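Sharing a structure with you now.
Chain nomenclature is as follows: A, B, C and D, assigned in order of appearance, with residue numbering initiated at 1 for each chain independently.
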Amino acid sequence: MYQQVAWIVSVVLIALLAIAFIYVAAHSSKNGDSAKVAAATGRWRNRLLLGVTLLCLPVVAYTLTTLPYARHAISNMGVVEVQAKGYQWYWVLSQTELPVGRPIEFQVTSADVNHGFAIYGPDMKILTQTQGMPGVTNVLRYTFEQPGTYKILCLEYCGVGHHTMMSELHVVAQ
Amino acid sequence: MNVLNRIKSPLASAEVKVYAAISGVVVLLMMVFGLVMRMTQGQMLPIEPGLFYQLMTAHGIGMVAIAGLGGSAVMWHFLGKYVNLRAGFAWANLAFFLAGVVLVLGGIFVGGFAAAWTFLYPLPANGMGMWGRHAAAAYMGGVLLVGVGMLLFYLEAARAIIQQYGSFAKSLGWHFLKSGQDAPPATVIASSVVTIINILAILVGAVILSMMLINLYVPEIAIHPLLAKNLIFLFGHVFINSTIYMAVIAVYEILPQYTGRTWKVYKPFVWAWSATCLMVLTVYPHHLLMDFAQPLWMHIMGQIISYTSSLPVLALTLTATLGMIYRSNIKWDLTSALLVLSIFGWSAGVIPAVIDGTIAVNQVMHNTLWVPGHFHLYLLLGCMAMILAFINWLSNQEKAQGFSALDKAMLWTFAISAFTYALIFLMSGQASVPRRMAVHLPQWVWYSQAASLFAAGVVLSSMVIVVRALAGIIKPVKPA
Amino acid sequence: MNPQTVAGAGLLLMLNIPFIRRIMESDMAYHMLLQFPLILLAGWLLARGFPEPAKKWNYAGVTGLLAASMILMFWMIPRALDLVLINNTLELLKFLSLALAGMALAWSWPLAGMIVRGFFLGNVLPMMMVVGWLYIEAPVRLCNSYLSYDQLRTGSGLLALSIAGSLLWLYAFFMPSNQAGNSEIR
Amino acid sequence: MKTLLASVIVVLLGVWAVASMSEGFELLTSEQARRLDIQRRQPVVPNVRLTDQSGGAHRFGDWVQAQNKFLIVDFIYTNCQSLCRALGSEFQQLQRNIVERGLQNRVHLLSISFDPEHDSYAVLGQYANHLQANPEVWSFAAPASADLEILLQTFGVTVIPDQTGGFQHNAALVWVAPSGKLLRVTDYASGEQLLDELVKSN
């Protein structure tokens, strides 16, 4: 979902930017009054700064309300705990069959170097991720909504076997 | 003390030309590495993963270093018009740079080191037989040497700026904010910011590199991986950002000569650069948003500063550039076209970058090809375009030239190829294709194949631009 | 005789009184963070009474500051810290070399310009930071003769010193420099 | 030019000094130096008087040769709250391992107390019981006070009193050959790995 939003917003904004450049470049040959243009530039600059601020403030504020970091405040009722440990180049998971609809808590760490722990859906799109770091346990919570086969890919470069480091999760209805 | 009487020969000095020539050649080589990587991922070349990751490491560190060297050339050349820089330090920097490059390349291609240019602890010590600790030491020692050279370079810049302006407070224009008098030139402001942040970044880099070197030989002395990651990204992020801040000086200095308008320094400009100085040092946590163990306030700071750090300087540079060319009767040639293109590339790249700095998006985009997507926009289409423009400008005796059909063809090939190439990265990121993988899943291969086509376009057009420019630079200057 | 020289010599002798030496070396933090700087200070004071020797060999203070940073680096090796406690020759060498480093600083710092000073600081400050951090992070004791708690304190002290030094150095960049216009800035 | 020459000399001197202190950049701490030194020199255990946990008196050197086994030695004191516990559980683990693999006839564990004032044989006996040490595999001993110094020196153990009335000491496993030579010193958690090597070597 976020992928689509990010892509569409980026493309639209880049296109607007390109239009601005093409428009200005197309009007670059005539000799205009420098002072007037400078004044207009100042106005545009202020509009842009104001516009960007007005646009970004709510976005920043809104997106900060849903953070993925599992905090202690969250109730532990009914949470399924899964230990995940990365090795060069495989995952060791305490269980790979998981219930649908229940919050799963992945406790991710590593035995050697940094790894990335990304959960891919059956359509091979990333659903969520965290880092697997030696000596550190990152707690990732996720609730699967559909049964099916999910994949775990390593998303942090970890040596020559990095691209082979994949595991499967089976999410089943209870 | 009159600034004018310090201006040396108007044309570039020997050290600037050598910097520019080396940058041009190495950029081409690194671009070829990039093309080979994309073709390997597109299953068009039978390259083993071991070699792929070596190439990836070389491409990363090579591009960072050469963007640094090319940016230094721009800064040295134009800063030298306002302050008294001594060439010896540029040569010393180059000597350290070349020695470092030899060690780095030796570590990679002789020693087999392939821990990516970010040398994330503790991967360099865990080669799993692909490389030994001497290879890792050669690589990290080489990076350290490059850092020592750069430190000398920036110390000389700091010395010269302070000698001319009295202090960084003055050269950043803080007095101008109060009095509105006597603004320092844009070049001096940008150079001061880069000097400050890069001296700090290099010292931080030296700390983490030394620690990792010690750890390599005395493994009992362990480092906390999260702390190490913080330091590495603080160093890496600041250094790569400042390459653009150096290269953009080319826009500030060269574009006015094409339009006959001046790049006026006004208060928001001073504000924006000073704020950048602080923010660029504190924005790096947006690389660590997926390290859940990091304190929460750093994540939130990472997201907020991601938004605030990139936008001001950019918005000002963007509007100022557009205002500079609008109805200006600008003389178009390869140099001016590349410079305008570079500001587009920089601005365009910031958009996906800021979006990725949003924690909710980072959750599904971190370490996908979205990341190289955004930075290829502002490094390839931005920073590199600035450096190519600068090289071309030098080769034309720093004058506007005619815009030949070949120039036009190469400009458009470069612009369209580089833009599309980066867009394919973004598109792949949107489709959750991971970055830094030698082998892609079958359904992802076509992205790489399409990207290879445009990468070839980038290589081809850059090669023509660089080779023609080099010929101009090497040619002895005719007495006027 | 220059009173500073006398004070320096006196300080050096005082630090050598076995009783004081034993106290200072009983704790790692005193050893590195008190005795070392005091010997440096003694050397620095001692040198004040003499003109800089051999300026030709010490252009812009390069040689002196290089020597000082080399000596400091050597005494940051944990093994060296351990060995001076049981090896008298090395203990003597420690006093001599650190006093020499102090003298080199006194003679070379005024000769050095911004760049040489910057290079010296850019060398010594990260080094202190590295060593301080290693002392804090190391899961094992790095000096067999000292308690792990001492090691932690010493590390924190070194780290604090180097951060303070860096901030001070940064601050100096923003201060109106009295050297402005002085073409002697190197 | 003279400055350049002087600087080069200074740097060379500095590198030489650091290199000699770090045995050619191989080590930074005296603990590493001690391990390397023992591995190179392979000194013989001193023939000091030891009292074991059942009160039996031996000469260390003679005892090793009489046993004719590989010896894994660690140094402890029974009042220890921190490191020795880790050592203790490591030895328990090793003891299990040795029994499981039937290596009793080839490897023996020995914990030596460096606090003979307090650790009489009775105290050591209690300690051994507490750790469920099997006397066939794992012995405890303390040297005579007069011999302590020479014993610690040979094994390179440094003991310093801490603020709480205990001691801090370097913890490691020392491998002694049946001939009485000290072979090498390794981390306290590396016992299993070395047992593997021992098994493989025959």
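Basically, a contact is a pair of C-beta atoms (placed from the backbone, for glycine too) under 8 Å apart; a residue touches a chain by one contact, two chains touch by 3 or more.
Being a predicted model, the structure only gives us computed values, none of them experimental.
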{"item": "Least hop count linking chain C to chain D through chains in contact", "value": "1"}
{"item": "Pair of chains ranked first by number of touching C-beta pairs", "value": "A-B"}
{"item": "Centre-to-centre distance between chain D and chain A (centres being mean Cα positions), rounded to whole Å", "value": "51"}
{"item": "Chain A and chain B, separation of their C-alpha mean positions in angstrom", "value": "24"}
{"item": "Rounded Å distance between chain B and chain C, as computed from the means of their C-alpha atoms", "value": "37"}
{"item": "Residues of chain A engaged with two or more neighbouring chains", "value": "none"}
{"item": "Shared interface positions of chain B, touching two or more other chains", "value": "214, 220-221, 224"}
{"item": "Per-residue overlap in chain C, given as positions that touch at least 2 other chains", "value": "140, 142"}
{"item": "Interchain contacts (touch definition) - all pairs", "value": "A-B, B-C, B-D, C-D"}
{"item": "Chain C - residues contacting chain B, complex", "value": "113-115, 118-119, 122, 125-127, 129-130, 133-134, 137-140, 142, 166, 170, 173-177, 179-183, 185-186"}
{"item": "Chain A-touching residues of chain B, taken from the complex the two chains share", "value": "49-50, 53, 114-116, 120, 122-123, 126-128, 130, 224-226, 229, 260-261, 264, 268, 290-293, 296, 299-300, 303-304, 307, 311-312, 315-316, 318-320, 322-330, 332, 340, 344, 347-348, 351-352, 355-356, 358-361, 363-368, 370, 426-427, 429-432, 434-441, 443"}
{"item": "Contacting residues of chain C [partner chain D, same complex]", "value": "56-60, 62-63, 66-67, 70-71, 73-74, 77-80, 82-83, 140-149"}
{"item": "Residues on chain A engaged by chain B in the complex (per definition of touch)", "value": "2-7, 9-10, 13-14, 17-18, 20-21, 24-25, 27-34, 37-38, 40-41, 44-45, 48-49, 52, 56, 59-60, 63-64, 66-71, 88, 112-114, 116, 118, 120, 124-131, 133-140, 153, 155-164"}
{"item": "Complex contact set, residues of chain B against chain C", "value": "1, 89, 151-152, 155-156, 158-159, 162-163, 165-170, 196, 199-200, 202-203, 206-207, 210-211, 214, 220-224, 227"}
